[in-house]
Amino acid sequence: MDDIEIDEVATPELDDPVLIEGLPGVGHVGKLAAEHLLEEFDGELVRRVYTTEFPPQVNVDGDGVAELTCAEFHAIETDGADLLVLTGDHQAGSNKGHYTLTTTFLDIAEEFGATRAFALGGVPTGELVEEYTVLGAVSEGGLVDELEAVGVEFRPDEPAGGIVGVSGLVLGLGGRRGFGAACLMGETSGYLVDPKSARAVLEVLADHLDFPIDYESLEDRAEEMEEVVGKIQEMQDGPAVPDDDLRYIG
Amino acid sequence: MDDIEIDEVATPELDDPVLIEGLPGVGHVGKLAAEHLLEEFDGELVRRVYTTEFPPQVNVDGDGVAELTCAEFHAIETDGADLLVLTGDHQAGSNKGHYTLTTTFLDIAEEFGATRAFALGGVPTGELVEEYTVLGAVSEGGLVDELEAVGVEFRPDEPAGGIVGVSGLVLGLGGRRGFGAACLMGETSGYLVDPKSARAVLEVLADHLDFPIDYESLEDRAEEMEEVVGKIQEMQDGPAVPDDDLRYIG
Amino acid sequence: MDDIEIDEVATPELDDPVLIEGLPGVGHVGKLAAEHLLEEFDGELVRRVYTTEFPPQVNVDGDGVAELTCAEFHAIETDGADLLVLTGDHQAGSNKGHYTLTTTFLDIAEEFGATRAFALGGVPTGELVEEYTVLGAVSEGGLVDELEAVGVEFRPDEPAGGIVGVSGLVLGLGGRRGFGAACLMGETSGYLVDPKSARAVLEVLADHLDFPIDYESLEDRAEEMEEVVGKIQEMQDGPAVPDDDLRYIG
Amino acid sequence: MDDIEIDEVATPELDDPVLIEGLPGVGHVGKLAAEHLLEEFDGELVRRVYTTEFPPQVNVDGDGVAELTCAEFHAIETDGADLLVLTGDHQAGSNKGHYTLTTTFLDIAEEFGATRAFALGGVPTGELVEEYTVLGAVSEGGLVDELEAVGVEFRPDEPAGGIVGVSGLVLGLGGRRGFGAACLMGETSGYLVDPKSARAVLEVLADHLDFPIDYESLEDRAEEMEEVVGKIQEMQDGPAVPDDDLRYIG
């Protein structure tokens, strides 16, 4: 096997498509957001990317059939813009792998005529988030105004540790080859999978690219997560009522 | 030395041979099963595979002679089918190494005319196993029925973490190049070398490929392991009789 | 992306320039010293070096614009000598990467006509430093005398663990290709960013290369660090006055 | 820099030389033994091997001059046999590096006409050693008898974990290309640098190759180590006499 192998599943004509990257990362925000796009729209699988940078792993589906782990591009036509959505279960396994893999991803996006890219992700706050701000970073200053117009916040020198992984390189390598690229980072605690942060990211993206999208299934996942959080808090605090009872007895 | 070096020890004519992979993994189930095949049948060493992916290591035999660590293919003729059994002491040392090494293994199997492959292994349950179920995963859906017919269980989306290492790639890479491949995973606690799980895996394999095989030596190893488990439990529980004595005294 | 990519930003004529390396290391001494040179002199960015050996990372500037992490060469003309100052946020990510990256750095320096190199860094003492000695090591014995003349100390077989990273290789690989190279290591505790040690290193460098330089901004940073150290000591010792109060009460 | 660079310092004519490998390992037995050969005989440096597999490091000598870390071959003429002694401060930094580096070492040995190789090392016993047995392993069975004749012990399947690193590969790769290779492993606790074990290894080597050698300087190092061990035991046991005194006072 070559270091990178690309299955060309389909090559539809797309109209100025926008690359949307949503690989795993902080709070799985980018991955949740990208997968929600695939759920809500009638997308078409166009490319599978296999690489020796991914773990040597297959995943077993509902019928017991194993699929070699890969990243996938789906083409989606929305009312606002054509999207090329990149999803997968893994980032690269080495520094160099991140560079070569992101280069491949940008090559594929260019092949479909993309000149714009959005890397979706989360930015950890370390505490439970009440209001889901979306932080932005761009490959060229001209993009700041139009993103601020849809509510993206830009804070000087933030995030402090920079942006790492494929998302960072979509900006860094994308910018170097002329992409108009932005990273949209939903604030999230960093401790939990965060569908609400994913929704916040999708809202600014949909607003910016001007396509309608429904969030019901993402809300359902958010509610499931809240139940999980509730149970965790319960376990930490101890049950409220029995405690009272005990005092009463005491 | 090249990254991979293959010693062509012998190249017998084989009749539609089946690749059987049994490298080290959970409970050493696959390794025990493959080595039991070598013990029970009069196999012939056909290939040695040396690679810089293995540790820089020699093993010393009973005469003080050192052998460079390698993986080996033995050809075995059974009443049911010709087997090409892959054994060794190591998996690869890196993500990429797993891919290149499995590619080499599949190349060798193809060279002998193999179009089917079974990756033998264990799946950890985290608790002592009473009944040794064999879980299956396949490279193509058509294989499910015939494996269920010999008692292999298929559970949707299991094992949950996918199948990793050479076994996973025998399915993933094997499937991509047209092999009819299956992974047979014996349930095992995951804490101990498990000859009983290896027997369970071999039973479904022998049933499926229709060859008779004796399990006595594997039973002996299972009994040895049970003595080990018994001693461990004894050490944890404390000795039974002195305890009674103490009660009596008390 | 190639393993190493060089942006040729400018190629001014320099007069026998001296390579000054100041990448991150012990006490950030070398980095602080090199960055102080960039602050004090009107330098010109001449090269950016991108490499897959650096983390896959972008840093966000004050306007929200992301820059791919890289190492930079600035050309500086001082009254004493032309300098080619190498700075950056990272060392290489692997043994091999250190060798290939330092080779590239020396190639660039040679391209500008450099035949001399100074690697700036810190040497850890494990305790708070009162007097900031600068320890030296050279690629050829002839350099010892002139460096001792400006106060650099040479101690047999020190530092005991050798000199590692890009600084070590500027000497090792630089020496092998004919550079007159020296490492100037300011003593530093090793626990804190140390602007005073950086000043000590710069003083011997400026004395040796005969250029004037102001240290005010570095002094400001040193004072900030001393406040930090003071607060840390306070936290460890406990507050002085309340302690007295307690004795009084006692 | 290339992955491996060889400085050809000198190429004397040698008479059927024997490769003696003594890189760092258990108890530094092999390194001590090889360095003792260099001390006792009037050897000539013939090759330096630099590689990106070694740490990016220079060592500073007594005059403050830095030398890039490398492995060295010295040619030694003894009354019994010509030796090609390989020493250095490091093993390789990766699995693959061990293979490529040992291949290079064997290439150099072949260039000088060597067909025999001895890898010197230690084998850990986990307890203080009273009598220093030397354990052997060979690349071909024919070597066992002549080594047993000089006191080397061969124990079936030992050492249990195989022999790793360059020593293991001198046997494994050396044997594959026709070297008559043996590993001589001095028993050693594994906790301390062990000059006595190094002497035991050298004694069987000198006996086998029939050259006289003095051990005085190695004995001095052994006495130093015994003082160190004595002090460590003292610290663990507590001082004997003051303890008595205290009892007396009490």
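By letter and in written order, the chains are A, B, C and D; residue numbering begins at 1 in each of them.
The definition used in the following text is that a residue touches a chain if its C-beta (ideal position, glycine included) is under 8 Å from a C-beta of that chain, and two chains touch if they have at least 3 such contacts.
Bear in mind that the values here come from a model prediction, so they are computed numbers and not experimental data.
Asker: Hey, what chains does chain B share as contacts with chain D?
Answerer: For chain B paired with chain D, there are no chains in contact with each.
Asker: With centres defined as the mean of C-alpha atoms, identify the chain lying farthest from chain B.
Answerer: The chain farthest from chain B, judged by C-alpha centres, is C.
Asker: How would the chain A/chain B interface be labelled, same or different, where same requires over half of its residue numbers to be shared?
Answerer: Different: fewer than half of the residue numbers at the chain A-chain B interface appear in both copies.
Asker: Where the centres are mean C-alpha positions, what is the separation of chain A from chain D, in Å?
Answerer: For chain A versus chain D, the centre distance works out to 54 Å.
Asker: What whole-number Å value describes the gap between the mean CA coordinates of chain C and chain D?
Answerer: Inter-chain centre distance comes to 38 Å.
Asker: Can you list the residues of chain C that touch 2 or more other chains?
Answerer: Expected reply: no residues.
Asker: Line, ring, star, complete or other: which one describes how these chains touch?
Answerer: Contact map by chain: ring.
Asker: For the complex, which residues does chain A have touching chain C?
Answerer: 92, 95-96, 98-100, 102-103, 136-141, 144, 154-159, 162-166, 168-169, 171-173, 175-176, 183
Asker: Give the list of chain A residues in touch with chain B in this complex.
Answerer: These residues of chain A touch chain B: 1, 3, 52-69, 93.
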